[in-house]
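In what follows, structures are represented as structure tokens.
Shared chain: chain A. Partners: chain B in the first complex, chain C in the second.
Entry: the complex of A and B
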């Protein structure tokens, strides 16, 4: 019998094997058979990932591929570092992917059974991405993930828009791959190593221009994936055109994994080197995060295309996660991961619901849908509950993330982060509420709109069958129940806090890779912050309702109270930034890269 | 944003980027000064540990074989994506495109020359693919050579034979199975109780074709996958020319 740590490669190998098998029988298999095989492989992956997670609770294990154990300090092969955080993310990935496959069961156009093998490749790549401890292997899975994502994004080839969205996505993310690869090349030239622990040990406290530039390249490269402003421009375009289950995978998993890579690389390679300038670095990361929150939130409220609206709310919340990470203590990492978990569940739920709306009402534009959803009670409930979750209303698990952040901010001595939480929660929640009031309650009159929403999206399902089945409601319901149940399951929070203290500690990480197992150290609690976080969430939701009301009933309000409709009209420079031209997108990300790089070079070197 | 403004801003930003790049490059080890122990270790140990004389392939298919599994699946996924994006839906109406079919016949001399070249290319492809553990080459390179051999068939105007071979479903199946079998080789090791992608074959005599353990087997699987992948891509791109049909507007 293989010990449970022997399962380490299976969350990658099983879906890849499944993708190969499915691609081989693609032409002969009926839709139902292809879907069942896809779901079967995703379920097996979920089982192995869960077993791995349970095993990793006893301590982080290192898995050397090809049985190539390191010789002294030199790593020969590729290693997976399977800790509770990596295995937990792999489990979450497998779970959300399984839900997406269930949601698309004989429902979403599969492009001649190309969809299922591509999703399985995507799943395998994401699992490899979170588990690996080797920076080149990380890049390989980054590329594999991107390749599958480009294809999935352009699944609806009958229209030009998906191809354009997919093209912008491919161009910007290929630039990201170049940046990451160049960063890896610099690190390899300087240290002769590809294993992150070995690189980290070799760099030590060195922070010359080479190390800082490699840090810039790697961080900005993964910021493109993580959709941090101004690297985010591809994301709304890709989400607007991708089929619903793919949007779920992008928004709930892929974008967050970009940020996860930044955190992983920072804490395994650069922590010690950049620690003399920790406060400067915090300022730099926090600025990028705060700008992302504000811009993402503002654009979210100004969108009237439901998927673009949700996409910008993802930008906003990822910015928030970057702000949490910028606190740079281990409790902040635990809080960030708790928030990531909450966001993944709630955003999946909202995207699934938008897929149901698109299926039932054959449109995704708020103006076209106005008053057309008044009969859809179940869908309306799901939509409004999702809005409450975005605001962090208790008992949603997002408030745990906020509580952890308050505690971590206290330790770091930073004020004002709860205002960012309040802003992000209330404005994204208000945008979702506003759309819901228009569509399901038919409230107000003449919804505003914008050009991007009027492009019109072709439905992704066959027109004859507008019926809806339990398996369309099951995935969003499951996400909601999960997001509430996690609040009342206290055990995972302790595990998360303890494993974060190892994750966010370079010395502990290096020690783990070179020996086996490591002791988790105890962490400060965040329970005392939960009541105030719950309070904040409650007020954010109340404020969101108020904001949505000033938008929906703008005609009945005096001019000075029409805050919502003022925000809803959007800001011209921000809309122009989102031009849809890949040249502009590359320009913006170059500017972001240069700004980040210059500040880092001036402030962090010596 | 106008083209001009975009270009100007980009040049300023690009210049700063280059400056940062240059500053970083100043701290690189000097030219020719190899610091890393990894290369020295591999070149000293590879024959002893793997019985393989091509250190690069020993790294690709054995020491860091897991990376190559990912790389192979990148190709697999890219081809799957291309086929999906360029797919013809079952309900797409097509019409004959006469212009494409009516090209002038090539001279017989091209065909006469091409015929031996085709066979030499195929033999060369197999040689490169099967000797990856001994000399530079391996499955990726062999696949490209073998696929280009079939392009020669197309070039000497034998479009019918080209179409028969490349549009065959066996190509698609062998592409998928070639990719999957890499993962299966890794899983086979797992079934024997050793880590994923550990060598499970006898290492053989150094310098022999049957040496290097897993390297040759994986290389062969990759060769099948890459050959089929390139054929699929070539066919997807040339489909309209080869079939002489274009989708109706």
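Entry: the complex of A and C
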């Protein structure tokens, strides 16, 4: 057991202090000063998070605030559990936030310098969310993160669309917070504890209706944040209206953190209790995941509003991560985190590029942009490389996640997951390729469109300066280089695998929190699946190109080959589901909760 | 019948929860939707207080009572206070959005706010 590092709370404290300072001087500070301060605080956060990660590689440490160490089995303080996975996610969060702030440097409309302090609050909340070991603390950071996100989403209040997007986002995610809080209240009623390790130890193997009810509420609450179908309806609306750097934070970080919370809670509290029904639970989670993949992918291809298209691709990929998690072994968690990392980098890159498109061409609708991007070679390269990354084409790091998943699926005895990878990779990549072919290559004629794309989006930057600078290209380039370099960087996979085996082990977690020491078990290899994963990625990309071609050149093809344009028209029931009405979204959310809850009640209680 | 009364807060919490959900689902006025959210939230207060209640317990202020005295659970009250603070922020933010929406579109119906769909 290594001593807790004294700077454990700093990744939370530094950005919050920065936000306070920025909010205080907001009125008097010029844009350049506010941006510099924001970037400085994000950089310092990144440094502390990285130091924390390096420290945690020697072993997970627990930081008790005010030195309130546990007395026996009773936890009386609030603790941060700083493991490699939590610290790693905090580092990723700080890095992507820093890139977003660099991207918005004197460029994105900051709403009177409200943008920078809100982003710092968001950063601090996300760091706290991944580090905390206390379930009520998790709720508080969840709410802090959400509230900053609502405000960031509705930053452009000059138009009605951002109000709609952020209102729906706020209503659904606040309901999510109440579900989580109710779940926490039930856990407290059952165990009298709020520390996750203590709750887990107190629940033990008990799986009566109270425990299953709490599990349902917590899981569904975080599923709303993670945009799992049918809880996902807020996500495209919010992404379509948020400024580009905010979209990056939502898609690359916030949504994944929702899923991270589900995994964290499952493995620290419910693993032992629900293990007798592991196969039923796997079926339940995998069904939700697979439906999310299929629906997200289908809707992604049917969208012509670039940000909504990317938003649905996030839905699709988060569904895939849920499917990986449903395998419930430690290798699956390692694979899920590797995939999460890859997705965060690639999706950030694509959103940054969409921001450059919106800035240069003043529109975000595929049909309006048709043939208008033919001169933008650099932007086109970034866009197409991002498409290749979505498909998992080697050498992008997504294939390592897929390789780990194949190995984990073999251990769990589940077939067919590589088909889901193939579907998700190829259809989202095809949608991005199709948009790219229309915009940058000017291929085909008369692109299809849809209602949301016709509404479009007002440019978020000032029109007098259409010029683009190196620092707008630096963040997407950095993301691409990162996503490729990680594939060749040796060693991190093994670290991830070993730390996942501790993360996905309730007893190990409890031992860590109570500082009683734990033994790591030997882990299976996952490198042997990499060649086949690379092949899958390659074929997915080829298939994506073929699909995009059947869409773009539909006029030249016989009817039976127009698969792409058939998919592109979309399915009416799915479009109707995305009605834009907060009441409908809450209704779908209730339906999802009832379905999940009744299956859980029937199958998991005794 | 003490046991029926003891479970009353939970029934009230459940009832408020469903009232809030129903209100949100059927709302035709944005302010009504925000208030429904507040009703939904009060179910969590009810639940937390119900969980922390001890029959015969006094207020958890230990200045003038003996240490062994039965009190209601102060932890849930702290949770509830945090909950109130957090949710006051959300409700204020939402109401500000409603005001903005009314300024921009002259309507407070969620249906008129819909510009993005499909």
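In this text, the second predicted complex is superposed on the first by the 596 of 606 C-alpha atoms of A that agree within 3 Å, B and C clash if a C-alpha of one lies under 4 Å from a C-alpha of the other, contacts with A are read in each partner's own complex, and residues count from 1 in each chain.
Heads up, the rule we're going with is that contacts are C-beta pairs under 8 Å (C-beta built on N, C-alpha and C of every residue); 3 or more make two chains touch, one makes a residue touch a chain.
Since this is a predicted model, take the numbers as computed values, not measurements.
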Touching partner for A:21 - first (chain B), second (chain C), both, neither: first
Partner chain in contact with A:391 - chain B first, chain C second, else both or neither: neither
Touched partner set for A:161, first chain B, second chain C, both or neither: second
Partner chain(s) touched by A:136 [first = chain B, second = chain C, both, neither]: both
Contacts of A:581 with chain B and chain C, given as first, second, both or neither: both
Which of chain B and chain C A:450 touches, first, second, both or neither: second
More chain A residues in contact - chain B or chain C: B
Which of chain B and chain C A:128 touches, first, second, both or neither: first
Touched partner set for A:114, first chain B, second chain C, both or neither: first
Chain B versus chain C as contact partner of A:213, first or second or both or neither: first
Chain B/chain C common contact set on chain A: 136, 140, 143-144, 147, 150-151, 154, 157-158, 163, 188-189, 576, 579, 581, 583-584, 586-587, 590
Complex interface listing, chain A residues touching chain B: 2, 6, 8-10, 13, 16-17, 19-24, 26-27, 63-68, 71, 74, 76-78, 111-112, 114, 117-118, 121, 124-125, 128, 136-137, 140-141, 143-144, 147-148, 150-151, 154-155, 157-158, 163, 186, 188-193, 208-214, 216, 576, 579, 581, 583-584, 586-587, 590-591, 593-594, 597-598, 601
Of chain A, residues touching chain C in the complex: 136, 140, 143-144, 146-147, 150-151, 154, 157-161, 163-167, 170-171, 174-175, 177-178, 181-182, 184-185, 188-189, 194, 236-237, 240-241, 308, 450-452, 455, 570, 575-576, 578-584, 586-587, 590
Touch list for chain C against partner chain A, complex: 17, 21, 24-27, 30, 33, 37, 40-41, 43-44, 47-48, 51, 75-76, 79, 82-83, 86-87, 89-90, 93-94, 97-98, 100-101, 104-105, 110-111, 113-118
Interfacial residue positions of chain B with respect to chain A in the complex: 1, 6, 9-10, 13-14, 16-17, 20-21, 23-29, 34-39, 41, 62-67, 69-71, 73-74, 76-78, 80-81, 83-85, 87, 89, 169, 172-173, 175-177, 179-181, 183-184, 186-187, 190, 193-199
